[in-house]
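Shared chain: chain A. Partners: chain B in the first complex, chain C in the second.
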Partner chain A sequence: MSGDRLLLHISRVVVVAITAIYLSILFHIIIKGIDAIVSLGVSDITPAIWGSLTLVLLSVTMAIPLGVSSAIYMELYGSPKIVEIFDISFEILASIPSIVIGLFGFATLIALHRYIPSFRASLLLASISLCILVLPYIVKATRLGFSETPSDHKAVAYSLGATKEDVLFRIMLPSARGQIKKGIFLAIARSAEDTAVIMLTGAVASYGFVDGLLSPFEALPFYIYYTSAVYSDPGELLSIYEAALILICLSAIFIRLSSGISRGGAK
Partner chain B sequence: MRSFLTLSAIVTASIVVGIALFLLYFSLPLLEGSGLEKTIVGGGDGDLSYGVLPALVGTLWISLLSTLFALFISLFTSMGLESLSGKRYTRFVESFYEILSSIPTVVYAFLGIVLLLPHMRALFGGSGMSILSASIVLSLVISPTMILYFRESFSTVPREYRVVVYSLGGDEGSYIRRVLLPFRAKSLKVGTIMGFARASGDTMVSLMLAGNSLEIPISPLDGARTLTTHIALLFAEDFDSAEFRSIFVAGLILMSVTISIIVSIRKMGAKDVG
Partner chain C sequence: MIKVSNLSYGYGRKYLVRDLNATFRRGEITAITGRSGIGKSTFLKSINRLHEVERSDFFREGRIEIETSTLSGDVSSIEPHILRRSVGYIFQSPIPLPMSVEKNVSFAMDVAGCTREGAVRDALQSAHLWAEVKDRLDEDASRLSLGQQQRLAIARVLVMESEIILFDEPTSSLDPNSTRMIEELMVELSKEKTILLVSHDMEQIGRVADDVIALEEVSSNIR
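Entry: the complex of A and B
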C-alpha cells in the first residue's frame, strides 16, 4: 500500500509543479505583452495583424463550402466503402505535419510557375494551403453534426414524401449547425496560429499591409518566428510579446468557443 | 447539386493522394539518381549535405525525448487531478489546460528562447540550442493535449469501481494504481502515440531551439535538425540540386510516419471494439 500512497504524493507534487510552470510562463507573456501594448502601441505589428486576419478569413471561407459539401456527399450519396476511404483520407490529412502541407503548396507553386510566371508565393497560395490544413476539421465537425441528427426526424420526413434535398436542408443542416460552427471556430484557431505552412507559401518579414491576392504578406506567427531570430533591441523584443499576446488571445477565444458549443450540444 | 457535391468530395478526398504524388514526383530524381542508400546517408566521405540521415536521427531524438518528458508530466498530472476530482477547482484547472493546449507552438518556441535558453547556456555553455532544449519545450507543447485526453478517458471509468476499492480498505492511491491505470492502459498508449505524432511533426520548436546542425547528433546536448526543419531551412535553394530534392524525401518520410501512426491507432481501436 505504501507504493500507492507514494504514487499519489508524486502525482500531486507534479500537478502543483507543472501548473506553476505553466502559470508563470502565461503570466510572463501577459505582463510583458500588456507592457508592450502600453509602451509601443501596435504600430509595428499592424500589418501582421491585418495579414493574419485576411489569411484566416480567406482560408476558412474556402474551406467551409468544400468541407461541408464533402460531408454532405458522404452522408447522402457515398457507399459505405467510399465513406470509409474518404474517412481515412481525411484522417491522414488532419494528421500530416503542417510543414508537409506547406511543402505541397510550395511544390504546386514550382509546378505552376513554368506555365503562369506571375503566380508566386503569395496570400492566395498560403490561403489555399491553409484551407487544405483546416478542411478535415470542417468535414469532421459536419459529419459529427449529421450523426447527432435524430434519426426519427429523418424517418418522419421521408415517410411524408420528402426528398433527400428536403431532409438535408430542413432537418440535417439545421441540426448540425452547432457542430459546424464548432468546426469553423477550430479552423479559425488553427489557421491563425500556423507558421510552418505560411513560411513556405508566402509569408515575409516586412512587406507592409496586404495589397493583393498575388502579393506576399505579413502574419503574426511569422512575425514572432522571424523577429525572435533577428531582434536587436529591447523594443523589437517587446513587440514580439505584443504579437504573441494577441495571437494567444485569438487562439484561446476560438478554441474556447469551439469546445463551448460541444458542451452546449451535449446537454 | 449532386454532381457539385460529388466533385467537391472527390477533390477534398484526393488532396492526400495529390500530396503523396507530388512528394514522390519531386523526390524520384534523387531516389533514382543516387539510390535509396545515398539519399539517406548522403554523398559519402562525410558529405552529409543532401542525406536525410542527420535529420532522421534528429527527429528520433527530439520526438522520443519530448514524448518521454510529456508522458511523465501528463501521466502524473492527470493522476494527480483525478485524485483531486470532485473538488471545485478541478474544472477550473481543466479549462486552464484547454487554454494551454491552444497556445500556438511558435509562442512556446519564442518563450523557450527567452526563458529557457539563458539557463541552458549557463548550465552547458554554447548557444544553449540543443536537442534537450527543444525536447523540454516540445514536451510542454504536447502535454496539455495529452493531459486532456487522459483526463477524458479516466472520467469514463464507472464510479462503482472506486467505491469497491474504498470498501475493500483501499484509498485513492490504490484506486489509481490498481484500477484506473490497468483499465485505461490502452488510452494511455493511444494518447502517448498521438503525442509522439505531434512531436515528430512539429516544426517551429525544433527550428527555433534545436540549433539546426548538419551533423548527426550523438548526445542530447548536441544541436540537431529534424525532418521538418530540414524542409523549412532548405526551401529557398537551387530547384534542381540534390539538397533541394532531399526536402521532398523528408516530406515523404514524415508522411509515411503519419500514415503508420494512424494505422496503428486504428488497429488498437479495432481491438477495443472486439
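Entry: the complex of A and C
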C-alpha cells in the first residue's frame, strides 16, 4: 500500500471515529435531555436559562465593539511597536485559564467592596469578566479578516480619494465580515459554556430570576457543575442532562441569530 | 498641468531617480519609459501620493506642483484624499472593487459625499462602456471581461472629473482589441486632460504619446 493511500485510510478512520464520538455524546444528551424535559418539565431550571441568556448577551455585546475597535486601531493607527505589544498582550490573554480571569474578577470585587459595600458578586461583574475572556477571540478574528482583505482593493479605494475611514467601512469591514462572524460564534460558545469565571464572580446555585445587573444570578453551566457535585437522587441527575440539552440549544440559537445579524448588517 | 522641479525619490537610503525636471501639460499624453524597476510607477504614485499607503520608507526631494481648476500647489501641501480625487490613477491590472458595476463607478462620489444625477451613466459613456453594461449595472464587476474591467477603472476616474490621469501600463494584461480601445480612449481624453502613461511598449508610445521621458539609471544612488 502506498504512503498516500495509507494516509488517506488513517485520516478517514480518524475523522469517522471523532465524528462518531461527538455524535454519540450529542445523541446521549439529546435522549436523556428529552426524557428529563418530559418527566420533570423545565420550571426548575428556567431561572438558569434566563441567567445564561442574559450573561451571554451582555458579555458578547460588550466584547464585540471592544474587540473590533482594538483590531481597527492595530490595523490602521497603531505604530508597529504598539501593535506588537498589543498582539503579545492578546496572545497572553487568550492563553490565560478562565479560572484566572475569574480570580481577577473576584479580586476586583474584593477591592471595590472595601469602598462600595453594596458591590457584590453580580451579573455585571461576571459579564465583564467573561467579556475579558472572549475579547481575544474577536480581536484575532477581526485581525485575520483584515489581513485577508486584498491589498489591491485598498490601493484602488485610496486612489479614488477614499480616506482611512472610507477604506475601513467600505472595503475592510465588509471583507472581514466572515472572520468577524466566526469570532463572534466562538465568543458566544465560550461565554455560554464557561463555569470557572462565573462561579467566582456572580453565579449562585439558587437565586431565582435575574432581577438586575448588580444581583447574583443562576446560569446553566453552573447549575450542571453544582448539581453534578451535590445530587442526591436520580431525578436531580436527570435534570443535569436537561440543562445540558438546553445549553446546547441556546448556543445554537445565539449562533444562528448572530449569523442573521451579520448578514443583515452586510446588506 | 504638472510641473516637476529637481525631483529625486527612492526607498530607504537608495535613490531611484535624481534631479528630474519636466512639465506635463493639459492636452498632451506624455509617456514615461525606462527599464523595469527604475521607478516609473513610483514616479506616478509620487504625484498622487499613493506610495504613502503602500510603503513607509519612500522619500522625495524637490517639488511636484499641480494646477487644476480646483487645486494648485505642491502635492505635499494638499490632503492626499483631496489630491487623489483630482489626480486619477489607472493600475496595471484591472482591479474591480468587490461590488456591483454601478457601485464601482459611484464609489468615488460616495466617499466624496457628493451626488450628481446621471454621473454614473456619463462616466460609463465616456469610457465607451455604457452600451455593454447598461443592463448589467447590478452585476458583480468581477464578471466583466478584463478589457471591460479596465474601461470600468477609467470610468471610476472619470466620474471624479479628474483633470490629470496617470496610466500605469494600463494595457499590459489586455488583448490587442481591448488595448486598441484603451489607446483610443486615452487619445480622446487627452484633449481635455493631462495624461501620463507608463509603458514599455514603444509601438504603443509611438501610437499615442505626444512626448516621451526616459528615466535613466542614477550615477550615485546612495543618499
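Basically, the second predicted complex is superposed on the first by the 219 of 267 C-alpha atoms of A that agree within 3 Å, B and C clash if a C-alpha of one lies under 4 Å from a C-alpha of the other, contacts with A are read in each partner's own complex, and residues count from 1 in each chain.
The rule is simple: a residue touches a chain if its C-beta (ideal position, glycine included) is under 8 Å from a C-beta of that chain, and two chains touch if they have at least 3 such contacts.
This structure is a prediction, so every number in the text was calculated from the model and none was measured.
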| item | value |
| --- | --- |
| Contacts of A:Ile116 with chain B and chain C, given as first, second, both or neither | neither |
| Touching partner for A:Ile171 - first (chain B), second (chain C), both, neither | second |
| Touched partner set for A:Val230, first chain B, second chain C, both or neither | neither |
| First (chain B), second (chain C), both or neither touched by A:Gly161 | second |
| Which of chain B and chain C A:Val38 touches, first, second, both or neither | neither |
| First, second, both or neither for A:Phe90, with chain B first and chain C second | first |
| Overlapping contact positions on chain A, where the chain C interface meets the chain B interface | none |
| Interfacial residue positions of chain A with respect to chain B in the complex | 1, 3-8, 10-16, 18-19, 21-22, 25-26, 28-29, 65-67, 69-70, 72-74, 76-78, 85-86, 88-93, 95-104, 106-108, 110-111, 132, 135, 139, 165, 189, 192-196, 199-200, 221, 224-225, 228-229, 237, 240, 244, 247-248, 251-252, 254-256, 259 |
| Residue numbers on chain A that touch chain C, as the complex places them | 151-163, 166, 170-171, 174-175 |
| Contact set on chain B toward chain A in their complex | 1-2, 4-6, 8-9, 11-19, 22-23, 25-26, 72-73, 76-77, 79-81, 83-84, 93, 95-96, 98-107, 109-111, 113-115, 140, 143-144, 170-174, 176-178, 197, 200-204, 207-208, 228, 231-232, 235, 239, 247-248, 251, 254-255, 258-259, 261-262 |
| Touching residues (chain side chain C, partner chain A) in the complex | 48, 50, 53-54, 80-82, 84-85, 88-89, 91, 93, 95, 97-98, 107-108, 110-112, 153, 156-157, 160 |
